[in-house]
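Below is one structure, written out as structure tokens; the observations come after it.
A, B and C label the chains in the order they appear, each numbered from 1.
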């Protein structure tokens, strides 16, 4: 096989690649890091906060989660403010956590209560403070606010987790349901968030490639309308059905990291039954917390996809190639995808809309305004999502 | 043991070390990277190109090798030009490979044939191109050209793989025969290439150290003549034998990465029976592809050295110390050897000649000329090597 | 749980962290690296120097330790000065070590004795020198001097290892006794050295936290006096006992890396029975060599702490959390602790004194003077430490 001497489009002509740091990097002081810090984020299950300290990584910061014996959850910077030992080896007590090295005792707000090696139990303990973050518990999750204190919004309530149908209750899960793989997903969070606004990949990746991972109803190419809302992007897909009906499915990508995705196995035709929050651990890893209405404990975990009848971690390398899912597609984009090498089409309008609306929030913050979806009204009603699976007349 | 107060030559006086980046680094845009890109390189066995995509790393670039169902091998940049997912999870079809994420279909030259999520199957598919590299199959190997298209030479033929003796056929091997260790060798390629022009190490490393790894005939110190040829460096070693004969052995280091080394076990006295091509995977790893004339399938693999009766991977750490081979000697120089700390002798003339001739090619390219050994003549006769083991009269 | 809108002291206000490079980094040319290089350091047990070359990492340098067949220990730079192969694969001979690649033979002072591939066995061998360091054997250890040759002090003798009680002999150990974990401890050496001058952590970390790892006598909070001596910092702890007695314990942190710590299990009331030398392998790892007077071989190793009845390496993650020791506390400070985030109290006076006295030595060197504890007098008497456990009348 001889190839012409005037080959075009070869890799030799590629330009040095780059990524959009302002949309992806989550550290304090970075544009996206500061935007993310204007919202509450789940950092653990309620049951993670106990008398054994748990390591938490969130937005690139190393933290320790615990619950004092009075029942108050605490989220402290991991390095003890005295000599820097990690509080992961600390001991949880009635009123806080005690560092293993010299015994300084901190409450859930970082106040230093005891310095046992100091004269009179610590004459300067009021002058030190262990860095801490405010937390609230809701929906079986611990939420933390890691931003500027004077910008702390109220922790939102969501109608789909407040208004129960008969026999329902809320259950939380930390195994990254919806991520298509293990609990910690080694790529930038935005690669997953964009996926929420990308309904066209469903019939390809989850349809013709891996066999219908979801219902056959999801396997056909939809007609899609995208819309920017005051809280993110809504994606409305319509697939014609027999008998003059349409399968109408609405998914929402909500600021800053919410995936509001109706069950792709279409167990029921109704409003969305669960919400997922992505937590960026650092620039190149995230995990997903999910809370949803269930009738039986464990229902959330049972939503996990199988491939070729197996869980992701039981598959061979060859099976991962044959039955790729969201994990393969997104981690396959690299630790942070190289935006300079992308080529967008009509079907990528949702992804572009996500990026544009993020940029709008960055602009709003730069102009001193609050980003979308932030509320300071403790009496605000629960947020009602449009998301769901519905059967409608044409 | 007391040592004098005027110690000289201690490590305290060492200067900060450095290496010659222009001779070693293989990335696009680097001097050596550009020189290497003027030649064809093997990137896999013919049988690697099949209906399961294979990851290929070559000259620091991440690629995917496959063969469409019409039988055409393809070598594409691994990141899909649409949204950046790796084509390693793609599906091989009749006319190309289809990305798992949104189903774009590319042929072996990177033309986009389908965009199933786009209106009318992709109205702008002619405007995108998946970066690709031309490939050719020969000698059981897939060769790729990764350089500027208008500089693409013809893929050379070699007489020793074209002219068969009775019952012979050509066989290829990808297990880095000649490297002395595993298939992927974690150091810069030049450390191995220089070794080809270094016949004096043979009686030491492969003789007195590890016991005669090769024949006793190779264990004595040779008289050596080095010569720069129009395609690299020739090394001619003469060892006197009984009865007024000499063992005459010629090895060649051919641009850019060919090792033309007669069988060191001296199975036959004749022209060289195999060629090895080093493929730099990136700056600090390479592998070796070999093709040779054999009479029995598997003969190439049977050339692999044993040490103390064992394969490299079965040896203990202590055995690696007792029976070091080319792997230990070259990887032991570090990821990229520190040229600033070298001290050359008369016996290193071949190594210096290799470096000087590489520099000459870099100069030639800088002056707009083609490097040595590049031919644009499709009718050029096969290249005849001088390399071989011979018994001659004095 | 709702938290006020005016949260103070949260992690959001933290400043970018930093560490004191001048006190911690050990490389040649760094302030601390140069200070450390004015002293002898143990680099192996006497028995490590044998006819199998051993890899040694010390102060960031890669070395090879061996003993020629005449019995002389040698410590050479690992990279052969010829072509850079590691001498770890070299062969030990009567008068030195021979490189595996081309057979250059070096004696223990780096003189090149043979170049077998060179004409006449090496006409320029007097012009090359393998970088080496002077070594001396004492107390079962190999000590090396890696500093400027004209500043080489005498290797000190210590009374506690010279003056034996009945039936005692000196034994050496390389398993980092006193480090509380594995032999190689993955953090900066200063985190351990400071710990020696920090007696207050004992009743907390080794007392109330992990249960009395040591004797109950050590579990109470001491009254402590710190003093800068002409060789480091002395820490004198007094704990009242029954019957009008006091338990008087003196620990010393001696330049540059000596831990002179009486047995915390208080096996006997007398002068210190062992010394530990920290060896910084590189900026973020160290190990500890110990030599001590024992009556039974293996006594040093039997000093190793157990936690919950187990050795460190047999503990579960949960047990490491429940029974943290020096390893957890010091490695828990990170690879190099972030000094900018520390808050010191009265009980940290010893740590501050260590830092101040190190700075004084850096200043002395900058002014052309020798650092503390360096002696050039070969007839100097053995150093007598004050360290020990004693019972005294009030």
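Here, a residue touches a chain if its C-beta (ideal position, glycine included) is under 8 Å from a C-beta of that chain, and two chains touch if they have at least 3 such contacts.
Source: prediction; values computed, not measured.
S.K.: Since chain A and chain B share one sequence, what rotation angle in degrees maps the C-alpha trace of one onto the other, as a multiple of 5?
M.R.: Superposing the C-alpha atoms of chain A on chain B needs a rotation of 120 degrees.
S.K.: Answer with same or different: of all residue numbers used at the interface between chain B and chain C, are over half used by both copies?
M.R.: different
S.K.: Using mean CA coordinates as chain centres, what's the gap between chain B and chain C in Å?
M.R.: Each chain reduced to its C-alpha mean, chain B and chain C end up 45 Å apart.
S.K.: Return the residues of chain C touching two or more other chains; collapse runs of consecutive numbers into ranges.
M.R.: Chain C, residues with two or more chain partners: not present.
S.K.: Name, in rising order, each residue of chain A that touches chain B in their complex.
M.R.: Those residues of chain A that touch chain B are 1-3, 5-14, 200-201, 204-205, 208-209, 221, 318, 320-321, 324, 328-330, 332-334, 337-338, 341-348, 351.
S.K.: Mind listing the chain A positions that touch chain C in their complex?
M.R.: The touching residues are 28, 37, 52-53, 61, 63, 72-73, 77, 79, 81-86, 88-89, 91, 100-103, 109-110, 115-119, 122, 124, 127-137, 146-150, 152, 378.
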